[in-house]
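There are two complexes below, and they share chain A, which is joined by chain B in the first and by chain C in the second.
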Partner chain A sequence: MTSTVESSRSGDRRAARAHRSHRAAVTPYLFIGPLVLVFAVFYLWPAIATIASSFFRWGILNPWQTQSPADWQFVGISNYGDTLASGDFWNATLNSAIWLVVFPVLVLASSLPLAILIWSTPRGASFFRSVFIVPMTISLAAAGVIWTFIYNPDPNKGLLNAALHLFGLDNASFTLGPLEIHAGHWLSNPGVLHLGFADIRLVNLFIIIPAVWAFAGFGVITFSAGLTSVPDELLDAARVDGAGRIQLIRHVVMPSLRPSVIVVTVISVIFALRTFDIVFVTTGGGPAQDSEVLAMLLWNQVFQFLNSPQGGLSAAIAVLMSVFMIVIAMPYLRATLKGNK
Partner chain B sequence: MSVRFHTTARRRILAVITAAATTSLVLAGCSTGNSGSPGTGSDKNPSGTIRVLYNWSGAEGDAFQAAVDGFTAKYPDVKVKLDNVPFAETQSTLTKQFAAGNPPDVSAALPGIVSALSAQGLLMNLDSMWNAWQDSGEYNDSLRAIAAGSDGHTDAVYFKGNVNGLIWYRTSKVTDAGLKVPPGSWDEFLAMLDAAKATGHAPFSVGAKDVWVPTQWVDPIILNVAGGKKFGQLQRGEIGWNDPAIVKSFTVLNDLITKYWPSNALDTGFADETCGWVTGDHFFANNGAFVNGIVASCDSSLKPGDDYTFFTMPSFSGSGTPGVAVSGDLFLGAKSSKNPVATKAFLKYLGSVEGQSIWAKRGGYVAPNMKVPSSVYPTVNDQRAAELWPKDASTVAGYDLDDWIGGEIQSKYRNALDDLIRSHDVDAFIATMTTVDTRSGK
Partner chain C sequence: MKSRWPIISLYGVLTVASIIWLVPVATATMISILPLDESSKGWWNADFSTVTLANFGRAWQYGLSQYTLNSVIISLVAVALTVTLGTVAAYAFARMSFRLKGTFYFLLITTMIVPVQIILIPLVPMFRTLGFNQGWAQYLGIAFVHTAFGAGWALFMMIGFFSQIPDEVLESARIDGAGEFKAFQKIALPLAIPGIVSFLIIDFVFVWNDLLIGLTVLDSDHRPLTVGLAILQAPHLNQDDLISAGSILAILPPLVLFAILNRYYVRGLFVGSVKG
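Our next item is the complex of A and B:
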């Protein structure tokens, strides 16, 4: 009898343990479930739908719909073929590539020295930090509008042309080897860098500058956070060993900032690739298609070219952009995951 | 336990049904007003709410608001909710809203978007409204054709007209410079521009940063150089851009750009264009009749007619009067409108003498409705522009080329024009457009 009772108790304990173990296994999924659901509905499904729709012909007024297979116009990979064969795509790719190279470089080149200067300022560091962060609070569209005033061709209105006027350089044009410059025409035809295989339109540079002005605050914040993690003992030791200010920055501070540099670079690159709003308000992709970036080409194909439905083509561009972004975001993701481990 | 479960479930089901029924009733009570199938021409008294999307601001926005106020005074049971969007974003906003199944009941639009939306069967058929207007002599066939959709019906109302190709100038500035206006021939026109240029300033103020501005130059020049027939054929895609008459038109345009435009045309927007000849160094601007209502934003002391006025380009060939370049804004009604009666009433009002007279009285506007009397226009400039409106079949007129074509061709045409302004390469422009616009097969 006793043994039967004990055996029954032991069975109950095993069942309870199994139940607890089962609950322990299930509970995390219950917590993560809603998040997975949100991710699936608002991220995964749109991504899958975009990829799927890139294999069909459709327009925004008669969109591709999963529930209407009778209306599908399957075109295979021809949207990708047409995209890659299109001069518009390569023009936009070149302009996006200019953004990809110039924007992160300028963000790093402006925000890193600023962050270090603020860090080494004995007084008023938080004031200076705020000054450089303020433009970040302005939307990029607004930043673009502000800078169109600065670029105004009338010397009585535009700051830059007023400066040119002061030095008698209004409408000055000159050529330096492959570089052609037209001073004062900041957002129309400021110049071209003729590379032989491609022409780099400098108007892109004059749209990137306001974007950097607005975005540099992000770099200042990130680098300032990184600078707080530089150990004081290490700095003191370097000073005792006779390191000067430059050596201190080069050999002690910079290595500590490597993760911050990766974060700022990758975020800048992603930002550069998906840029749209500041181009839209400053030049609208023009003049001609000089500043049309990939996101703007995509937008044009969906919302402007209504009588030649190109939704599938724009979906193909979106997929190509996403693949590229995932590839270049890998270092950041790896660094983040490594940090978590 | 089982019984309790079922009872609870039943209660829940009942609660859901009650809630659904209540919601339906509440929604029915909050309906947008009278409904009925579009195009039935219901004679019910309009009521409820309609949403109207428009794209004017400043003085033009105020004038449109006055027209809306006129409608609501006439139909006090209708509430008009206005959505304002920037002009350049009208098409994308409208497209997004139609695609999302939530279009405005009524919207401002250009012929290109009317054509695209009607091809999808998204617009109200307004044939009966137009038939009545034509029967009463308020519109003619060519004006109706501008509002036609691509579904064989007239799917829009022509609310705001505009006459383009007007050369605006300050009378005192031109007199002080000793320029003879209006020029009697094309040669005199060029001689006048040369004399203006000799003063050290580019004769024309041009705001080509706004992509529609250079397109306003093309239409009157094609109508003048190639003629109305070729203009219509190009518009409909019956001839290619490499047609010799069209090439000649762009060569003439290119000469004007090269010699008489300022070098900063692509950096200058429309607002700066206007102030460029009103208060700046330039003598002229080539733009539409609506400019009359905008001059005050540069200098409110100027009196239309006395202080500033316009002339039309003289005939290029020297024989006959050049065709009139017209443009303007249409209004469409969504087929899916929940309140088709009020929607149709609003559209009818916008196309009527009564509705159009409200803005006409304020100036900077040409009424497309031919029965709007010229006496309602407030200034001599407005009256002169209104007299140019093509009211009879003998007047050669061409509607804004790129607005009429719309879509990808319009977008790429504007890009190609930017390139022409910069490069002055007519051959490259023609080659680009021949590649972009393949409708003629040439």
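Our next item is the complex of A and C:
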């Protein structure tokens, strides 16, 4: 990028350029240096420490200190073995898996139709877009708190139960095949979906819904951006050929939205795996451990019971989560890197 | 297509969806401006002549003032650091070639993907070692963490804005004998201001809304408002009035910023998405 225009110049200027290109060897590092330094100290180092500490047995009261490595008991990969053998881990993995599947699906299922509807409006598009984008500025902690008012089990206070009360359903319990529902207590025990190999706790769904509410705006923005790339001529041509509305969306609009669908899916998956805040404020992982996700199990193990030497186990979970995310997102990351060069 | 869609059902669906999307915030707002015994009957049954701002005053005195102050300080320091360091670095990545550029870029951009949990645990002993675990130093410590963690987003967004500047513009500055930093400061920076503002808002929203890092690395006197909200949210205390006031307080600053700079915010997200 710094290469200058090639043309015959006076020797004077050429000398100046030679001087400059010598300087240019250092200059870029002066520009990126400060950020790289902060990154190295506050990201790279702790990340390496997490990986290293996952091979030791230790607790947060006796943490990773380079000065006193003797306090640490090297245990090889047994933290990974113990983690993979623990029921708590698989319980949290199941709940995280629910997040990883349901959250992106609901984000797509809400934001894609909304974006297409908004795009189809002759007027007021920016107003409607704002309505769905605004919750994006709300923290998941605040979103969780706000939705606990909606979910309040008392039908005199909680809007959802008040609405169900009108139909006499505010305390309904029923079973539909493998699905067991207890209306009313949305954040304690709303029901279970019994699949042969696992029980899906519906409380996770009711924590995911506020997260989708807050996050759908990202989908709406991304799809709106994608929709601007739908070629008008193609739409006109298809219409002249007598294509119906559904056909038009399926064969003309959707193909142009493919990149946007990928972006929204990848970013939702990244957010779904990190989930901590909203679970922390709504249920704290309960009832029992019904909504405990991996991020929360990790946090509880290392920070809640300070005297138990479970730091290594938590570090192992952090490493497993990161490896999983890198594998999932690598193709996307590679495409991004290519796009930026 | 636009003329064929049944307009009424189109607006009907969008209006219903909008109402559903607005109800949660409306509910929290209503509970926050009604006395507790009124909102306990259901805010839709309340006597609206009793509307008051007293809940906000009580929540403020109850401890939210300190949490709010913490959030403001952390956000200002972290955003200032991230934007400053990120802008300078993004310029180099966009306009200069140097050895290991690809490696640095790859490492920094992974912060967007790898879950924050990978750094969380060692931060606690690290803060102790570096002296970031007490008093005011904690603000600086967490600001550095936010800077490191925001590096990927900063580059991802701002490189694009610097790349758009035409070569000739910067070249003319260099021929005039301006050093690389001068060219950046006098020419590139002013041209990239809209992009920087877009990133600034997104970074502010991100830092202001953080709960997990603040909860983990800060002591109870320095934690942000999100943590304060989680602590208010004790399930067996009947204090919906305080909780709702706190939640409104917590969502207000990013919301106001969004309202003022709406255009930049949306544009920033557009850039991030179109590039992928």
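In the analysis below, the second predicted complex is superposed on the first by the 290 of 341 C-alpha atoms of A that agree within 3 Å, B and C clash if a C-alpha of one lies under 4 Å from a C-alpha of the other, contacts with A are read in each partner's own complex, and residues count from 1 in each chain.
Going forward, a residue touches a chain if its C-beta (ideal position, glycine included) is under 8 Å from a C-beta of that chain, and two chains touch if they have at least 3 such contacts.
In this text, all values refer to a predicted model and were calculated from it rather than measured experimentally.
Q: In the overlay, answer first, second, both or neither for which of chain B and chain C A:303 touches.
A: A:303 sits against chain B and chain C alike.
Q: Touch check for A:318: first (chain B), second (chain C), both, or neither?
A: second
Q: Which holds for A:288: it touches chain B only (first), chain C only (second), both, or neither?
A: Once the two structures are laid over each other on A, A:288 reaches chain B alone.
Q: In the overlay, work out which of chain B or chain C sits against more residues of chain A.
A: So, of the two partners, C touches more residues of chain A.
Q: Between chain B and chain C, whom does A:213 touch in the aligned arrangement: first, second, both, or neither?
A: It touches chain C, and chain B stays clear.
Q: Just chain B (first), just chain C (second), both, or neither: which does A:60 touch?
A: Both partners, chain B and chain C.
Q: Which chain A residues come up in both lists, the one for chain B and the one for chain C?
A: Of chain A, residues 60, 63, 299, 303 contact chain B in one complex and chain C in the other.
Q: In the complex of these two chains, what residues of chain C are touching chain A?
A: Per the stated touch rule, the residues are 1-2, 4-5, 7, 10-11, 13-14, 17-18, 21-25, 27-28, 31, 39-42, 44-45, 81, 85-86, 88-89, 91-98, 101-102, 104-126, 129, 144-145, 147-149, 151, 154, 156, 159-160, 167, 171, 174, 177, 179-181, 184, 205, 208-212, 215-216, 226-227, 229-230, 233, 240, 243-244, 246-247, 250-251, 254-255, 257-258, 262, 265-266, 269-270, 273-276.
Q: Taking the touch rule as given, give the residues of chain B at its contact with chain A in the complex, in rising order.
A: It is residues 88, 91-92, 95-96, 98-99, 112-113, 115-117, 119-120, 122, 209, 211, 263-264, 266-268, 272, 406-411, 414-416, 418-419, 421-422 of chain B that touch chain A.
Q: Going by the contact rule set out above, which residues of chain A touch chain C in the complex?
A: 1-2, 4-5, 16, 20, 23-25, 27-29, 31-32, 34-36, 38-39, 41-47, 49-50, 53, 60, 63-65, 114, 117-118, 120-122, 124, 128-143, 145-150, 156-157, 159, 162, 210, 213, 216, 218, 221-222, 225-226, 235, 239, 245, 248, 259-260, 262-263, 266, 270, 273-274, 276-277, 280-281, 295, 298-299, 302-303, 311, 314-315, 317-319, 321-322, 325-326, 329, 332-333, 335-337, 339-341
Q: If we count contacts the way the header does, which residues on chain A are in touch with chain B in the complex?
A: Residues in contact with chain B: 60-63, 151-154, 171, 184-189, 284, 286-289, 299-300, 303-308, 310.
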